[in-house]
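This is the structure, below, for whatever I ask next.
When the chains are written out, they are named A, B and C in that same order, and each has its own residue count from 1.
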Amino acid sequence: MTQDPSEILIDCRDVWKVFGERAEDAIAAIRTHGAGKREVLRDFNCVVGVAEASFQIRKGEIFCIMGLSGSGKSTLVRLLNRLIEPSLGEISIRGRNISQMNRKDLRALRAHEIGMVFQSVALIPGRTVLDNAAFGLEVQGVARAERHRIALDALARVGLSDWANHLPKHLSGGMQQRVGLARAIASDPGIILMDEPFSALDPLIRRQLQDEFRQLTKSLGKSAVFITHDLDEAIRIGDRIAIMKDGMMIQIGTAEEIVLHPADAYVAEFVAGISRLHLVKAHSLMLPPGAYAGPVEKLARTAPEADVQALIDLVLAAPEQAVAIAEGETLLGVVTARTLLQGIRGEDADQKAQ
Amino acid sequence: MSDPLFSPGTLIAAGLDWLNTHGHGVFALIGGAAEAVLDGAETALRLPPAWAFIGAVTALALWAFGGRMALLAAVSLGLCLAAGLWKQGMQTIALVSVSVTASVALAFPLGLLAARRPRLERALRPVLDIMQTVPPWVYLIPAVMIFSLGKVPALIATVVYGIPPMLRITTLAFKEVPHELVELGQASGATPLQVLSKLEIPAARKTLLVGLNQTILLSLAMVVLAGLVGGGGLGAEVTRGLTRMEMGLGLRAGLSIVAVAIFLDRMSRRALE
Amino acid sequence: MAWRDGIKAFDAAIDAGMVWISSHGNEAFALLRGLLEGGFGAILWLLAELPFWALAGMVGALGWRLLGARFGAFATASLALCAALGLWTETIETLALVLSATTMAVLIGGGIGVFAGLSPRLAQVLDPVLDLIQTLPPYLYLLPAIAFLGYGPATAILATFIVAVPPTVKLTALGISRTPVEFLELGAASGASGWQVFAKIRLPFALASIMAGVNQSLMMAFGMVVIAGIVGSGGLGQTIYASVRTLDIARSVDAAIAIVVLTIVLDRLSQTAARPQGQQKEIRT
């Protein structure tokens, strides 16, 4: 296993899932004359779950898939560990095509490479928290003492070591979801699939778990595919976000890219209410150095990654009401109070130029 | 069998002797009435010739439930006739009909009352629990003690045996009726009787019919078993077949019972739809 | 009357058929009979070796553990009552009949139920058969049993088995088939094998339903064993049958009392054992 951070763990190429007996005919029809969801249902009695999904997930990356119910996001995540067989296309995990794996290899892949956390948590009622966290290891045939040691360690990472011998029903929803996460990381998989894990929780607990999850995943160096219907959650957690609608991924990008350049009206409507304070960075707001009338050398300097919130503080503190953006010694541009206001309103440098 | 240290049965038997001498009139009255009703039902069923009866029931089933049920009626009743057990079959059906009617007549109002009065329901529940787990044989013993062998104890035991399931389901059926429906009736100024007949019973109808179906099948099982205590009908023929090892007779009686059971089950279930 | 003659001929043919079967297939039936009576005999021997106070004490202790001191005392008193009524031999015969028939129903019915739970097509085939078994009066099942096995406990056990098997099959199949889908996904996503999914996920989830089925089977068996007195099963059923026929009211009342208290003890014990966490609601089919 290489430690190259740019290593591609998951590679999906033109993956389709069409439910129904005549799935192949339906896909052909969609491809040749762009049949829509309704026509597919009417003509072939098939339902399009996922269409034309192509994306790659790198090592250590958190990839959020955001969509409303029925958008195909839950189907897509189940294609990644072949809980659902794709109708068409290729899915590779660490370069191995999972569609071609036999049952034994597939079981090994699921046991060692891919952990999964469910929306309903799925803690087995009769087992203690510890035995639930150790379930994956138990299935792999790890000896009792060893798997308890590992599971206890995983529980400690989610802050639940004191609850190891309780039954799941004694735990709150947030704690149960932590057990689900401990169960997923106990087998030390490279990839964690999260199927709307926090959607049933109270907003406060949800935020707390989002932060904990991101921190934990990053500290362990795991990749994660995180399904959610909540764009705020996707922005909070994800390195990159894919927006799904009707089985299609209509946009893939960083939070900033999606908020600043929505691919279509559907995405634009979604991002309309999103606060830009932490999303929009200096490099997408700044004016070229020449456009600033005053002496640039006297301005305070900051990095192009500074977000709007930080820029506001700097600009307010500066007598010139402007701040220079520089990378090392190189001057990249200038942010003024005016550009900041435009940035918050949702107008970036590109639009301004038109 | 060893000698008992203590035998409540002896005391009860003595008490019963006393009752039989002093309360003879009451028991004779109940027994006589039961017998009269049963004889009436049996006579009515056997009044028309067998073929006419089968024809009439088949036509009725055709009119009410369609072709398949008519075929079922013709085949199952025809089987009783062909097995040479028409008389016994009619005795069994008469016994089932009379006892189910009596069970429902007793259980329905009580079940309705229990649905309205939670305290009554709580008081009834343990009694019903025990009544529904105790083996059917146990019902026959007190009936035989009071009414000796024959049709009357069979009827009495069957009536009592049929009460718990019907009562329980009646209570359930009325408790399931949405409260808004009753309030709607009250808000519209309906009398309690109108609320019951126009709103509650139609809403509870499905569950009530499930209870009726169960009661019919349990009563049939009891009536057949009552062949052991001289209850007559198809059960008596099965008993004869079993005790004398007359397997031909046993098979004919057994198949007739299967026919009657399926006939009663499907007809009462069709009434559900 | 020609029809009467036809019926006589039919009866004669059946009797001849029975003779033929008993002379030709006798070994198979003798084997079945031997197996049934062997199992029954072993359980009966076990129960009979114990003095009544030891058995009463054990059942009482079990009752205490499961349901508390009051029920424990009631269970012990119930068994002591059976002994005081002079019906101890009959009581343990009845218990041995119930246990052997129920064990058979649980082993065979549970096995069939598991397959039916995993295969909707098998369940579709079985359902009408089980429904029919439950529709017909239990008394009837003595007929085929006695035809092949003759008088004695083997017939009683076979007929009781037929009556007792549907609830276990139905509720086992129900429990196995109703595993929540997210738990099946959990098993698959954890890389569990088919057998592991069954043993670690499906079975634990089905357990409450299976135990409810066992409770119902046990109670059906108890009801039937009492009826089977007519075919010479021994036990309380035969006592009742004999005393009712001779109108020995005292004796039949004593036996009936024994049956009622045994019913309550068995039902409460098995119902509680069926609810390990005390959360499962009663399921009836």
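Heads up, the rule we're going with is that contacts are C-beta pairs under 8 Å (C-beta built on N, C-alpha and C of every residue); 3 or more make two chains touch, one makes a residue touch a chain.
Here is each chain with its UniProt name: A = Quaternary amine transport ATP-binding protein; B, C = Glycine betaine/proline transport system permease protein.
Please read all numbers here as calculations on a predicted model, not as lab measurements.
Chain-to-chain contact here is organised linearly: an open path runs through the chains from one end to the other. Two chain pairs are in question, A-C and B-C; the one with more C-beta pairs in contact is B-C. Between the CA-based centres of chain A and chain B the separation comes to 65 Å, rounded to the whole angstrom.
The distance from the centre of chain A to the centre of chain C, each centre being the mean of the chain's C-alpha atoms, comes to 56 Å.
Mean C-alpha positions place chain B and chain C at a centre distance of 25 Å. Within chain A, not a single residue touches two or more of the remaining chains. Residues of chain A that touch chain C in their complex: 78, 81, 83, 106-112, 114-116, 118-120, 122, 124, 126, 135-136, 138-140, 187, 193. The residues of chain C lying in touch with chain B in their complex are 3-4, 7, 10-15, 18, 83-90, 132, 135-140, 142-143, 146-147, 219, 222-224, 226-227, 229-231, 237, 239-241, 244, 247, 249-257, 259-260, 263-264, 267.
Residues 180, 182-183, 185-193, 196, 200-201, 204, 276-277 of chain C are the ones that touch chain A when the two sit in their complex. Put simply, chain B touches chain C in their complex at residues 1-10, 12-13, 16, 83-84, 130, 133-138, 140-142, 144-145, 148-149, 217, 220-221, 224-225, 227-229, 235, 238-239, 241-243, 245-252, 254, 257-258, 261-262, 265.
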